[in-house]
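Have a look at these structures, which come just after this line.
Next come two complexes, and both contain chain A; in the first it sits with chain B, in the second with chain C.
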Partner chain A sequence: MVALPGSIETENRRSVAGRRRWTSSDEAKGLTLISPTLLYALALLFLPVLIVIAYSFWSQDYLTIDRSFTLENYRIALTEPIYRDLLWRSLTISLAVSVITVVFSYPVAWFISFHGGVHKNLWLFLITVPCWTSYLLRVMSWKVILGYQGVLNTGLMSTGLIDKPVASLLYNSNAVIITLVHSWAAFAILPIYVSLEKIDRSLIEAAHDLGDNKLWSFLRVTLPLSLPGVISAFLIVMIPTVGDYVTPKLVGGKDGVMIATAIQAQFGKGANWPLGAALSVTTMVIVSAMAGCMVLALKLFVRRIK
Partner chain B sequence: MADTPMIEIDAVSRYYGIYRALDDVSLDIAAGEFFSLLGPSGCGKTTLLRSIAGFDTPTSGDIRIDGQSAIGLPPNKRPTNMVFQNYAIFPHLNVEENVGYGLKRLKLDADDERRRIGNALEQVRLAHLGKRKAHELSGGQRQRVALARALVMRPKVLLLDEPLSALDKKLREEMQVELRTLQKAVGITFVLVTHDQYEALAMSDRIAVMFGGRIAQVATPKEIYQHPLTRQVADFLGGMNFMQAKITSESAVNLSVETTRFGNVTIAKPKGFTASNGQATIGIRPERLRVLWDDAKADCEVTGHVVDRHYFGEITHLIVEVPGLEKPLSVSETNNFGADDIPVGAPIRLAYDPDALVAMAS
Partner chain C sequence: MSGRHGIRKSRWLPAYVTVYLGFLYLPILLLPIFSFNDAASTTFPLAGFTTKWYASLWGNTAMLVAARNSLIVGICVSVLSTGLAICAARAVTRYKFRGQHAATGLLMAPLFLPEIIVAVSLLMIVLQLGIELSLATVILGQTVFCLPYALSVLISGFDGFDRSLEEASLDLGETAIGTFRRVTLPVVAPAIISSLLVSFTISLDEFILAFFLSGTEPTLPVYIWGQLRFAAKLPGVLALGSLMIALSIILITIAEILRRRAENRLKAGASVHG
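And now, the complex of A and B:
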């Protein structure tokens, strides 16, 4: 056999070596490690979302789906007063829930991180205890607390602060907010705690050394440096609560109905999947935009302080 | 030394449970002095520094800064500023904002503030890096930012907690000179904590050597190196050849001792000296022993033979066994005359000056 031109042989060898180098690179190892999760996520998250987006541009023709492209669903979703109101209410409730949750969770996280001493892990463990029971049960127990003959009303009556039960505790948006804040508190405390733990304590000492009292060193050092945790807490709480279905259903009454109920109705009784899909997509887009705005606003707020 | 000390440490003790971090420490530091607290880790030097800064409160005793008792004053109310061991540069602020951090509380007008930040950065030669973020700085630059941030506050006392320990050797030596120059220029009292004896010797006006929460000796670098009061101090500050000697007579200030190989000598009696069994610990630094070449003569000589040799570039350490001494002598000789070529096993004569012998309390 005639000897192959040297260049081709080296080229071959080089490309084999190149391939081998890539398969043993960190990047390849990393991709291999995440591939089960990645494939799982792609199959169960990305594809359904694509299907939902596709549906939102189609229309329902009694029992069949008309696959011609239309924006009619989005027109309904954005202009029909009922959907606009529901969406607006969902957004305000989720915003209120995330603000209240973060405001209540921050001091808890701060206390555990700065004054938890040797019991830090015990405190964190105690915070996760409510999550051991089913979400449904926790929401139900708020019905017991907030109800007309509930724990709160009977308790207040026995102390003589009120003489007949307050009817406005349950079945409205306040009840939804109270319940959601409680359900999501642990998920807000943990990221804030982690970011507080990461703060080098000598930075706070340096702030004191340079003339700050406790309040100022908190505002100028601790708070800005824990901002990543605050932002994650915000997003972790805000994004899922917009679409929460169970809590408004159980404690919201007719004043506490949120967009998820309407979406469910379109996919169920309403039998209008394309409209349900358009409502879902609209909600997703608006939530993403709102999340982005919140992140920006928090960053601006902190920049103002320093 | 000025009449009123800048810092007066008055019988300060600090207990953590039953552990004594500071044990009845008293110390005066003069205004404008470069003072070092030197000792091994866990000796209480950092606790003492943090007590001056206000981050730690003594269990008993008083700390006065510029005549005012500082006990109960939080760090932000004290006329001291600190350079932290890890520099504690605020990661979310740039260099200028870091340096200006403390000025914000003083409510200066904007021009004045900018001028002071500029001057401070000038002082540490970082004026060109004002907009850099903390994570874009090298170790040496972070250290300068920490210095500028403290100096811009114009404190009466600057406290430095092992400020050079995180730097590599070359940069550390540069910064030693620079810190010393800076201190002379600003005239502020510097209190430095370090475990590096060379750093303390090179930079300080005076050094306090600490062991186990107590102060073993306070003196100038030269005094502390040449006349260590205790064996521990001598050992911590460089090498020392220790030997036992018999006391023949003892006065209030002097000791006459009889040694096995260094003859009969009279040496200064250290403070707090007590004889044990009529014996005293005496010592001589390795560099005070000099190799005698060929037929050179000296008034005082010891003879022995080389048992080991360690090469250090500019110097060589010779380990010389001398008959009658319980331990071989360590000799530090420059390599100018070929000390690095002396073979192991060779006989050797060493010259010494009897004045170089010191007595130490055990």
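And now, the complex of A and C:
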């Protein structure tokens, strides 16, 4: 070792230089710059989610938490009729909401993209404005619209179309679905619009020229090319709606209760954090799996048609 | 009628879009209508015009306290989330680094998560650390939730930024901070203000996180939630709600105008350069 001081020194010098090169590289600068934001998200998003997962494997022992590993919470979440039913209903509602929202939003995105002309930005703005207003207030407004003594019933009665209020408008799953479809409309239109904008118009023209009728050129050219937008629309609507709390509470009544109410109860009166955590994790895992199947089914459907 | 690309415009499509817009705007137009209605119930036909529900808001101390809380939270959240999003947007648009996609994915995750799960997980960590629920915890939570929106506004604002302007400034002897202040900032300022407004609007309207994390200090949506149990309080809530909707629309319109202006400026800059 004594015989080779020079080589060690060059080694050191080289690694110092290497480090200096790395610290002045794009990579280092980028990482340094993003680190405050990243640390914030790690501490207040990633870490909390890990804690939820950890809690779901622990159990509540009166006032303390028993930290020995158990799957009991998951057994309760998946087999207790009340949670199983709530979970099933939440999944059905979120599936229905995402399908309805995407189907009804697609033509609007299509219209803006193909016929929006120079006013495309204005159209997009008009579509997104309602979604920037308070979500709580919009849900409340639907309650006012659909109620027994509400806008729709009294409006229809004063025009003479009905002579007795319709009671079945509010406090059921349908009211929840209508309200959620309304809440998520813009979130479906935007991604579909973006993917429609990317389509080379001459492809559609070519399909027309080659004799495809409107429906076929849509199914074989436009729909497959806009699939990425349709998929993001599905994901961005389906996953968050499964855990919606406000809508079922305000317009769902007894028949429209969803899983979020049960989750919230475990952190309030029920005071069983591990069960609440297990319900949250179960919901997330199942809805992600459902979303995955949906994406796969869409891709297969489009491939079959092509 | 034949479109530019041989894509025929059908007659029913504009009609459909009109009906769809009607559906979208129906709930937010009804609240203001009934907030001026001279009756405690929301029934047709309308009873008459009144502004008494608005007048009753001014004497309502609990509501004014909630409004002040919302203002504090909104300002802090918009500054914090925009500040954090500036770092991230700049890093993503200016540099290439490993883990870039994973990092943006994490920051965008709140868009793809049920809000209740974000709220519950934050509540658990906050109580676990023994931190008392307060406006501060609401601010911390809502900032996570606003980050994806602030980030997307800022990334699109920073994206077309011409780096040679900064390089020129550095070559001419300006410091890095000086360059940011005198070259970068003026170009990206509209995007930054737009992000501040968007974050403020989201925070003002956000309910779930505030509901879980606010403790005994309600923000406006939490206050409204408490009032919804009493049918007699509905007209007052409608008046307050109408004001909030009006404020949201004004803020979001300003944000949109600024964003559009920033976009045009970047486009103009690019065309001059090219």
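In this section, the second predicted complex is superposed on the first by the 269 of 306 C-alpha atoms of A that agree within 3 Å, B and C clash if a C-alpha of one lies under 4 Å from a C-alpha of the other, contacts with A are read in each partner's own complex, and residues count from 1 in each chain.
Here is the rule we use: contacts are C-beta pairs under 8 Å (C-beta built on N, C-alpha and C of every residue); 3 or more make two chains touch, one makes a residue touch a chain.
Note that this is a predicted model, so its numbers are computed, not measured.
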Room on chain A for both chain B and chain C (clash or fit): fit
Superposed model, angle subtended at chain A by chain C and chain B (C-alpha, nearest 10 degrees): 90
Contacts of A:T154 with chain B and chain C, given as first, second, both or neither: second
First, second, both or neither for A:H115, with chain B first and chain C second: second
Which superposed partner A:P224 touches (first chain B, second chain C, both, neither): first
Greater chain A contact set [chain C / chain B]: C
First (chain B), second (chain C), both or neither touched by A:A41: second
First, second, both or neither for A:T92, with chain B first and chain C second: neither
Partner chain(s) touched by A:E205 [first = chain B, second = chain C, both, neither]: both
Touching partner for A:N213 - first (chain B), second (chain C), both, neither: first
Where chain B and chain C come nearest after superposition, their Cα distance in Å: 5
Common ground on chain A, meaning residues reached by chain C in one complex and by chain B in the other: 202, 205, 208
Chain A contact footprint on chain B (complex, rising order): 53-55, 74-76, 80-82, 84-86, 88, 90-93, 97, 101-102, 105-106, 149-150, 153
Complex interface listing, chain A residues touching chain C: 26-31, 33-38, 40-42, 44-49, 51-52, 55, 104, 107-108, 110-111, 114-115, 121, 125-130, 132-138, 140-142, 144-145, 147, 149-151, 154-155, 158, 182, 185, 201-202, 204-205, 208, 214, 235-236, 239-246, 250, 260, 263-264, 267, 273, 276-277, 280, 283-284, 287
Interfacial residue positions of chain A with respect to chain B in the complex: 200, 202-203, 205-213, 216, 220-221, 224-225, 306
Residue ranges of chain C in contact with chain A within the complex: 3, 5-9, 13-14, 16-17, 20-21, 23-28, 30-31, 34, 41-45, 84-85, 87-88, 90-92, 94-100, 103, 106-107, 109-118, 120-125, 128, 140-141, 143-144, 147, 201-202, 204-205, 207-208, 212, 221, 224-225, 228, 237, 241, 244-245, 248-249, 252-253, 256, 260
